[in-house]
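Would you mind keeping the following structure in view while I ask a few things?
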Amino acid sequence: MLIESLRKEVLEANLEIVRRGLVMYTFGNASGYSPEDGLVAIKPSGVPFDKLRPGDMVVTDLDGKIVEGTLRPSSDLDTHLEIYRNFEGVLGVVHTHSTYAVAWAQARREIPCFGTTHADYFHGSVPVTEALDDGEIEEAYERNIGRAIVRRLEGIDPLTRPGILVASHGPFAWGTSAGKAAMNAVLLEEIARMAALTLGINAEAKAIGGALHDQHFLRKHGPGARYGQG
Amino acid sequence: MLIESLRKEVLEANLEIVRRGLVMYTFGNASGYSPEDGLVAIKPSGVPFDKLRPGDMVVTDLDGKIVEGTLRPSSDLDTHLEIYRNFEGVLGVVHTHSTYAVAWAQARREIPCFGTTHADYFHGSVPVTEALDDGEIEEAYERNIGRAIVRRLEGIDPLTRPGILVASHGPFAWGTSAGKAAMNAVLLEEIARMAALTLGINAEAKAIGGALHDQHFLRKHGPGARYGQG
Amino acid sequence: MLIESLRKEVLEANLEIVRRGLVMYTFGNASGYSPEDGLVAIKPSGVPFDKLRPGDMVVTDLDGKIVEGTLRPSSDLDTHLEIYRNFEGVLGVVHTHSTYAVAWAQARREIPCFGTTHADYFHGSVPVTEALDDGEIEEAYERNIGRAIVRRLEGIDPLTRPGILVASHGPFAWGTSAGKAAMNAVLLEEIARMAALTLGINAEAKAIGGALHDQHFLRKHGPGARYGQG
Amino acid sequence: MLIESLRKEVLEANLEIVRRGLVMYTFGNASGYSPEDGLVAIKPSGVPFDKLRPGDMVVTDLDGKIVEGTLRPSSDLDTHLEIYRNFEGVLGVVHTHSTYAVAWAQARREIPCFGTTHADYFHGSVPVTEALDDGEIEEAYERNIGRAIVRRLEGIDPLTRPGILVASHGPFAWGTSAGKAAMNAVLLEEIARMAALTLGINAEAKAIGGALHDQHFLRKHGPGARYGQG
């Protein structure tokens, strides 16, 4: 992919999470990965969204070495990179502090699959990472967040769980492009909101059964998908 | 009714549920039924709302055979058809994943009639369907949702309960036109929100009595209605 | 007051409750009273707010006899009239189905004065009416709602409690003009929202003491008021 | 600082808290302090925000003596002054009745640091003042609120806790300028909202540990900060 296109797509994903109300001030970032080039484009750190231009996106290699760009990359870059290095097929990552997803992350509770809106996009609960220990926090913190994410999804196809809650922090979402990652971040916030309200109505609410879960996930994903214009 | 008018009305109902905030992305659909022709017009599957034109509405007969249109119909078509085949006088159906109605559906709780906003539009609680069994989920899923809806309302005039919660899924609403169905979907969401907040304030809140319920429902509906400009 | 001015002010109050998000569809109404003429202007029943013009306001005397206007008045007219006939100094009344105030009305709980936002406008809790009995519901329903309001405030200066929750229904607010009544309806909704959230954080939250309550109410109201530009 | 600039900055901070949805009607005020001149500029009392001009800001000395301006200052002036007199480095103060922060203040609960959004801006919980006694309420009320704030933060660098909840009332926030104070008021509201939702999901949620708290606070504040473009 041309770096120019990647930058534009990444900028657009950053703007999308603002438009959808997931971001206040500069609390969020989107990146995209081009596997042919081995390059990642990411939002610069602490720059207001309304001032961002494609050329402000910082381009690095998978080790975080800056290849193009004069600004400092998002402080969460190392988390994004750890995800790209480990999750086959993931070409976009988004991090936000969206309100309801943060609330679940702070509650340190997985989001059970209470219904079909969830099942349409997540094949299973929305997982929560383990807490980091003090050593992991004090040294290489952002990379260790990435490692905790990767560890939690061990043995799971990350495209069937396109997001996670980092304990006491907030959501990361991903997908097959920066735009899809942004969409998954939006969906995760709505799923988190619906689930919180569900518990408020019925504290004993139960996750749905496997047949219903599969029916929904598989009608939107994989070879048998039959949703949309095909 | 001219098919052309039906399509326009159905498009308008689809746009209304977006404007009222019931829909994110493509998660919702409205249809309308013309009994003289035996034809149904419905939103196409997975097409963004802001791109819809009247000619995109898919027209089918009551068995789901496409009569006009080049796009695939909403994947929920079979649920809409089951409703039209069984509910006398229902000429419009709307399905959404609106947040509070979904929360009640996920909680698998009927919405008790806690007050007059509810009583003005639903003569009784807002019902929830029984869960489908695995066989019903795996084969003819959408039609079986329709059957569960019809079963739950057996012996009830569907125009006195113009909506239902499909268990672990979300709301369907209906009415004497696509536009009325959209309005009932909006009202159902607000009723669901008020009821969730009521429980948060008083977990022991009780449904209102029959005299108050009748007074409100009947002042807006039926031969004795005295609301509006008459 | 010229009837022409009263109509304009009443129209403006009706539009204000829409702009402030208290009203969906036609669920709300504002009226104003001119004691010199003994006349009341009120919103017509079931007319969409965006079509209202000053000349659509229906003018009646205090017994509800229509003096000017070709439309039917709001079905809640008799409640408004009962308030004007009994509450000295009240020249505006507003009824809405605003979400949080309805939730408290449906919960059938008074809103305790949990803090100074409340104390700035209500000198005491926000009261709830007693439920009507079946006879009161079946005959002269709207007038009986007004009577229940008046009964609940017996011995209380209505301008120190400029609103009430009608049990299982929703709020009525009032003031020294239609505009002030609209403002009190907005404040009541916000007070109801804050109080519901307060209970969610601390189910044992207590009403504030008398000294703090007086300090706030009296700095905004009455002869010693020292808020604003005086 | 030129008084002219201070006034503009204070006006802008007042408008910012409106734009961010923290304020209804005239329920909020921002001020700024210029230590070189010993002067404070503050919003006038009870003037609608949309009519404010820089010249309307009231300029006083640290004892509250009006130096410039023809309007009455905000009734909360004495609280602002008490903060400036006692909190070294604080050059801006904002008071609002934002909904979630008020709910915590009314619940009279400190906001525990449940996650990193909070830790990024508050080094510790968001404190609540002690209730004032009747004497403190009846005499020099606003100044006594300021004293309760100062007392509660005794021994704490106020720039590491840039806000507080006044018991049964609402939030005050501050910072190194009026604009920063406004931003801290916005963040406090969001932190309060996230924390309330966290408790709704898990009533046993616990504050985060010291290592995570420090990592976040110190990456945005102090000599080792590495967030933004540095």
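Residue numbering begins at 1 within each chain, and the chains themselves are lettered A, B, C and D in the order written.
Criterion: a residue touches a chain if its C-beta (ideal position, glycine included) is under 8 Å from a C-beta of that chain, and two chains touch if they have at least 3 such contacts.
Being a predicted model, the structure only gives us computed values, none of them experimental.
Visitor: Can we say the copies chain A and chain B touch using the same residue numbers, with more than half in common, or are the two sides different?
Guide: Interface between chain A and chain B is built from largely different residues.
Visitor: In whole angstrom, how far does the Cα centroid of chain B sit from the Cα centroid of chain D?
Guide: For chain B versus chain D, the centre distance works out to 47 Å.
Visitor: Using mean CA coordinates as chain centres, what's the chain A-chain D distance in Å?
Guide: 33
Visitor: Which parts of chain D, given as residue numbers and ranges, touch two or more other chains?
Guide: As it turns out, chain D has residues touching two or more other chains at 200.
Visitor: For this assembly, give the contact graph shape among line, ring, star, complete and other.
Guide: Graph shape, chains as nodes and touching pairs as edges: a ring.
Visitor: If I apply the definition of touch given earlier, which pairs of chains qualify?
Guide: Result for touching pairs of chains: A-B, A-D, B-C, C-D.
Visitor: Going by the contact rule at the top, pick out the chain B residues touching chain A in the complex.
Guide: Against chain A, chain B makes touches at 24-27, 44-47, 71-72, 75, 97, 99-100, 102-109, 131-132, 134, 137-138, 141, 168-170, 196, 199-200.
Visitor: Please give the residue numbers of chain D that touch chain A in the complex, ascending.
Guide: 114-117, 183, 186, 190, 193-195, 197-198, 200-202, 205, 208-209, 211-212, 215, 219, 226-230
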